[in-house]
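What follows are several structures.
Paired with chain B in one complex and with chain C in the other, chain A is shared by the two complexes that follow.
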Partner chain A sequence: MRPLTEAETRAVFEKLGKYIGENIQLLVDRPDGTYCFRLHRDRVYYLSEKLLKLAASVPRDSLVAPGTCFGKFTKSQKFRLSVTALDFLAPYAKYKVWVKPGSEQSFLYGNHVLKSGLGRITESTAQYQGVVVYSMADVPLGFGVAAKSTQECRKVDPLAIVVFHQADVGEYVRNEDTLT
Partner chain B sequence: VEAVLAAAEEQEAEKRRSITVEKELELEFDLGNLLAVDRNPPAAAALRGAGPRREALLRALARYNTQLLVSRLWELPAERAGGAGGPLVAQLPEPTFRLPREKPPPKPRPPTRWEQFARLKGIRRKKKTSLVWDEQAKEWRRRWGYRRAGGDPSRDWLAEVPAGADPEEDQFARLRREKRERVARNELNRLRNLARAHRAGSAAPAAPLHPTGHQDRDELRRVARVARVSTASLGRFQPRLPKEPAEPPSRSSGKKRRFEPLLGNLAAERSRQLELLRDMGSKKPVLDITRAVNKQLRQEEAEAAAANKGKKQSKRGKRGRRQQRPGRSSKKSGARRQPPQQKAAGGGR
Partner chain C sequence: MGRKLDPTRKEKRGPGRKARKQRGAEVELARFLPPAGRFGGPGCAGLAEPGWADRRFPSRSRAAKRRLGAGSGPAGRRPLGAGGGGGRELTGQTARGQSGFSDSNSKWLAPAKAKKTQSKGNHVELSSDGEVEESSWEMEEEEDGSSEEMVDDYGASSSEEEELLPIEKAALKQKSDREGLSEDDSEEEEEEEEEAEEATKQKMGQKEEAGPDLQLNLDIDEQFKLPTKSLCASSVAIGDSLTVSPPAEPPDLHVIHQRIQGNMEVLQDFAMKREEGRTRQEYLALLRRDMAAYYSYSDFLLSKLMDIFPLPELINFLEANEVPRPVTIRTNTLKTRRRDLAQALINRGVNLDPLGKWSKTGLVIYDSSVPIGATPEYLAGHYMLQGASSLLPVMALAPQENERILDMCCAPGGKTSYIAQLMKNTGMILANDSNAERLRSVVGNLHRLGVTNAVVSNCDGRQFPKVLGGFDRVLLDAPCSGTGVISKDPAVKTNKDEKDILRCAHLQKELILSAIDSVNAASETGGYIVYCTCSVMVEENEWVVDYALKKRNVRLVATGLDFGKEGFTRFKDRRFHPSLKSARRFYPHTHNMDGFFIAKLKKFSNAIPQAQKDEEPAAEAAAPSTVPDTVTEPSPKKKKLERSKADKEQKLPQPALKKKRSLQAQRRPLKA
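Let's look at the complex of A and B:
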């Protein structure tokens, strides 16, 4: 376990910034405690100082996961956000997409969101903007990338993809053994 | 029939040509290498120009010289190998002709650590006598080895306890252990020297740093990195090309990476991250072209919808809306509004 280098921190913040924008500050600088990012076996974890001190006394080979895993660095040093970060992205998300009840299941199985399943979308979403996907009852289901801007979403035909799927809460069941 | 017989006889006579060949200069023979050297100048006129005559002449020359060599070989002492029925084997003399090297000569090995040190200090080898006078045995004994001058160290029946040593320690065991350690250390150093020599020998020759025409992309990248790092501040402030990836600053750009301590100053870490966020935020373009275009499109749509609804108010509505536009939240003022909010929020905490 070690702190992130500056290049790694930059990569992580850029990725997070795509979904929550400047609200990363609220993750870094919290009123209810000191939270920090640590790297353990190429995965980035977000944990409080108290947990950090406890985890520091666990040997490296036995440590499975300190804190919440936000994502991992691939072999070519690209940062990939994982679904376990959803709890921290959802409250601060800038661009949201609501999905109709009929196609919630489809999204949870890993498919993209089609125009026919789109319930609501935040105004002025740019194309390829990171978005958080909610159900109509405001339950966060996952996140993705907007395939079309809001303007285009209105004009496009019902079977076109409007949100590319990146992660959903169904992965907790599908990838049970690889999630940390 | 007679013609055929005559032709056959001629052929046979040719085969059994005389084995004595006359030459102006004698050939030089090196029977150990099966070599015969003919220094007779050939008929230059006949050798000029390719053709069947030249071929025939060369063939005849080769035949003559081979005949001489073989007749010499038959003169050598021979014996039957493998008993009476085996083949006849000639015993070749030692070769006299020195053949050139087949492989390049070996490179001199690099000096060992001691050799470098000795050269630096100017230490020279002192010639030591091989035999030393042994007072006890009253004779000349070797310096080291079998029956050495100082007596066999393994047969010493007395080992003094040195002044500052633990009285309970076994001195004989200590001596044996130290000898073992000395031997091991020597061996280690010898192997290290060997490894260093081996590595120096097989190290790839450094590619030239100036541009030749034949460098591939990886070589050029390496050379560019060397060039960038060869400044006074080790390339930290060198401007990068548009598509060159930014390398993370490594304090020790050697083999070992160094990281911040795990539980270091968390407040400092937090402030560093906030600064990083601020830098990242300030670099974003204030006027985003696509968003401005989208906003414009939306406004035009809204205007078109309103114009369709109330045609009476169309002119006034448009003018009114145009006047209202600067006051409305355009991208510029919206973006400008946000950073002051951030800073206020940060200051308030």
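Let's look at the complex of A and C:
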């Protein structure tokens, strides 16, 4: 387990910034202590400093998961955010999309969100903006990328994709093995 | 028998049902086949085949058979007789009276002779419109039917039934049907039983065999008798010893069940109901064999269970193991409240109830129209599927905020996440498991439920505290033989034997010592270890805890659970520490949750007693300085006799010392 390098930190923050904008500072300086990011086996973990002390004493081979996994670095050093970061993105998300109850299941299976399933969308969402997807009951379901800006969403036909799926909570059941 | 029917009204019947059917082809043919050529045309494909009418109009063919079997006679009414029907055979006449078949089979097909009834033949105007024909056929059938009440095809009943009333004929029909069915069933069952040994048989539909078994049942009502000595004595093949009737018959589950009940009655009131000259052992041996066969347990496991449970309770336990326990979930209070979750699930169509007064987060699911493990609420981490008994160890552990907790065998992560939610994500949890495969589900569950204060590691539990120590509390849900969760995994009934249990016990003893060593006795809020297993075996439960009491400076404290059976303080030839009464046992048949054992230990000194002989009191061991801190805690009766008093040995007056030593000697008479 080691701290992130400059380049890695930049990549992670960039990615996070797509979803939560400048609120990243809120992730690091929390009222209950400072939190930090650590890299362990190509995965980025988010944990408090207190937990860091405990995790550091565990032998590296035996350590499986210190804290919460945010995502992993691919072989070509690109950072890919995973659904396990959802709990931290959701409260600070700047652009949100609400999905109708009928197409909740479809999104949870990994499909994109169509216009017919779109309930609400935050105003002034740009195209290709990172968004967090909620159900109508305000339960975070996952995140993705807006395929159309808000204006375009109003005009487009019902079967067009409005949000590209990137991660959803259904992966806890579908891809349990690859979370770690 | 009732009134006689007018013989002229009745038609006599032919030889039999099957015979009649076989003759059907000729019959139909004789009726339908017109003078040659009528059915040769292109529009009549298939009509020229003999027997086509039989297939298309089976009801008609029956009527036709009836009629033709009667042969010549007065118009509309033909008396049937066994002889008459046989004698009057079809002559292979076609509808128009021509002999032979009109197709090319005439060379080799020699139709049976039958007198054609001209009077009936006039309706046989076959046309492509089959409906007209059908209706006319039906009328004819009804004409005949009224006289015979459709008892036509009923097999054995023939000439005897001439005198019967319609209702009697229907009853006969019913009876013959049922006999036919039951005959088939019992044949099948006997074949199955012959093939399968009863050790592998599950409870099937129970059929009472007539004859000797009825006798047996009557006998049981009066007095339960053991099978004859010769059969009883042989313990080799279960098949032999269990057959009461001649050995060729395989044992019947129903009989075994009756025998078990009879046996139990005798054993309850042995003095009154026993048979002269038979020992209790024989009754018990028979009961053991019967139960092993009926419930599919291995002999070893059943003997162990007979030692633990009194007999009536044993039956309840075995029955409860056949049935699954209800599905329960635990609300994740980090993300939602039980009230809101219940509402959301009810909206999805789930039928649920709170678990009980003892739990504020549990819900029991009765039935559900959606899969409980895949609802959006589950995926969002609002609840966790968990057995009710798994909530108990964590309630006993009672983790406080800002503590350091170790969960030594955490997979699949249910208890760990419950600990985290009780701590409200403060403090630190080290979730450890030795099985890397199962750790994936731990990681998944912890992330899904939003647990942020946990570190997951993959060490062998026995490596603690070398890896890390100084925890405030430790939860050890030790790997066990699983005899408490037989309803989830029936394979345990047969694949556990003495070696497995002892191996588990050995591992558990090592783990509990490691767990105790990982706790910091001097912690302000903690110093507790909770040891739990999902087994009912004494070797894995009380024995392990007793071992820990002897080897380390710990004592048992109350678990905080006010229901559940107390742990055993003695078992067969073993004697455990009396404080084991504060441990709790849970059973499927009494609490409707998986079998469980929970013990809570408090560590009062960090020093490890040196290995010593049992009779000598500890002369060095515990550092006296730490002892006074913990000694002043309440429940003085829970103090461990040897260890704590050993420290004060020098202070005790001599007579008290001697008394204490002699008491110790009495307590452990068997240890040399």
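Here is the rule we use: the second predicted complex is superposed on the first by the 179 of 180 C-alpha atoms of A that agree within 3 Å, B and C clash if a C-alpha of one lies under 4 Å from a C-alpha of the other, contacts with A are read in each partner's own complex, and residues count from 1 in each chain.
Following the convention adopted for this analysis, a residue touches a chain if its C-beta (ideal position, glycine included) is under 8 Å from a C-beta of that chain, and two chains touch if they have at least 3 such contacts.
Quick caveat: nothing in here was measured; it's all calculated off a predicted structure.
Overlaying the two complexes via chain A leaves chain B and chain C side by side, clear of any clash.
Once the two complexes are overlaid on the shared chain, A:T180 sits against chain C while remaining clear of chain B. Looking at the shared chain after the overlay, A:S116 reaches neither chain B nor chain C.
Shared-chain residue A:V58: touches chain C; no touch with chain B. Applying the stated contact rule after C-alpha superposition, one finds that A:G170 touches chain C and leaves chain B untouched. In the superposed model, A:S135 lies in contact with chain C only, and not with chain B. After overlaying the two complexes on the shared chain, residue contacts for A:C36 are found with chain B alone; chain C is out of touch. Superposition on chain A leaves chain B and chain C with their closest Cα atoms 16 Å from each other. Shared interface residues of chain A (contacting chain B in one complex, chain C in the other): none.
If you check the complex, the residues on chain C that touch chain A are 344, 373-374, 376-377, 379-381, 404, 426, 428, 430, 436, 439-444, 446-448, 450, 452-459, 467-468. Listing the residues of chain A that touch chain C in their complex gives 32, 47-48, 50-51, 54-55, 57-59, 61-69, 84, 87, 104-105, 108, 135, 137, 139-141, 169-170, 172-173, 176-177, 179-180. Chain A makes touch with chain B in their complex at residues 1-3, 5-7, 9-10, 13-14, 17, 22, 24-25, 28-29, 31, 34, 36, 38, 49, 52-53, 56, 124, 126-127, 149-151. For chain B in complex with chain A, the residues that touch the partner chain are 246, 248-249, 259-264, 266-267, 269-270, 273-274, 276-277, 280-281, 288, 290-291, 294-295, 297-298, 338, 342, 345-346, 349.
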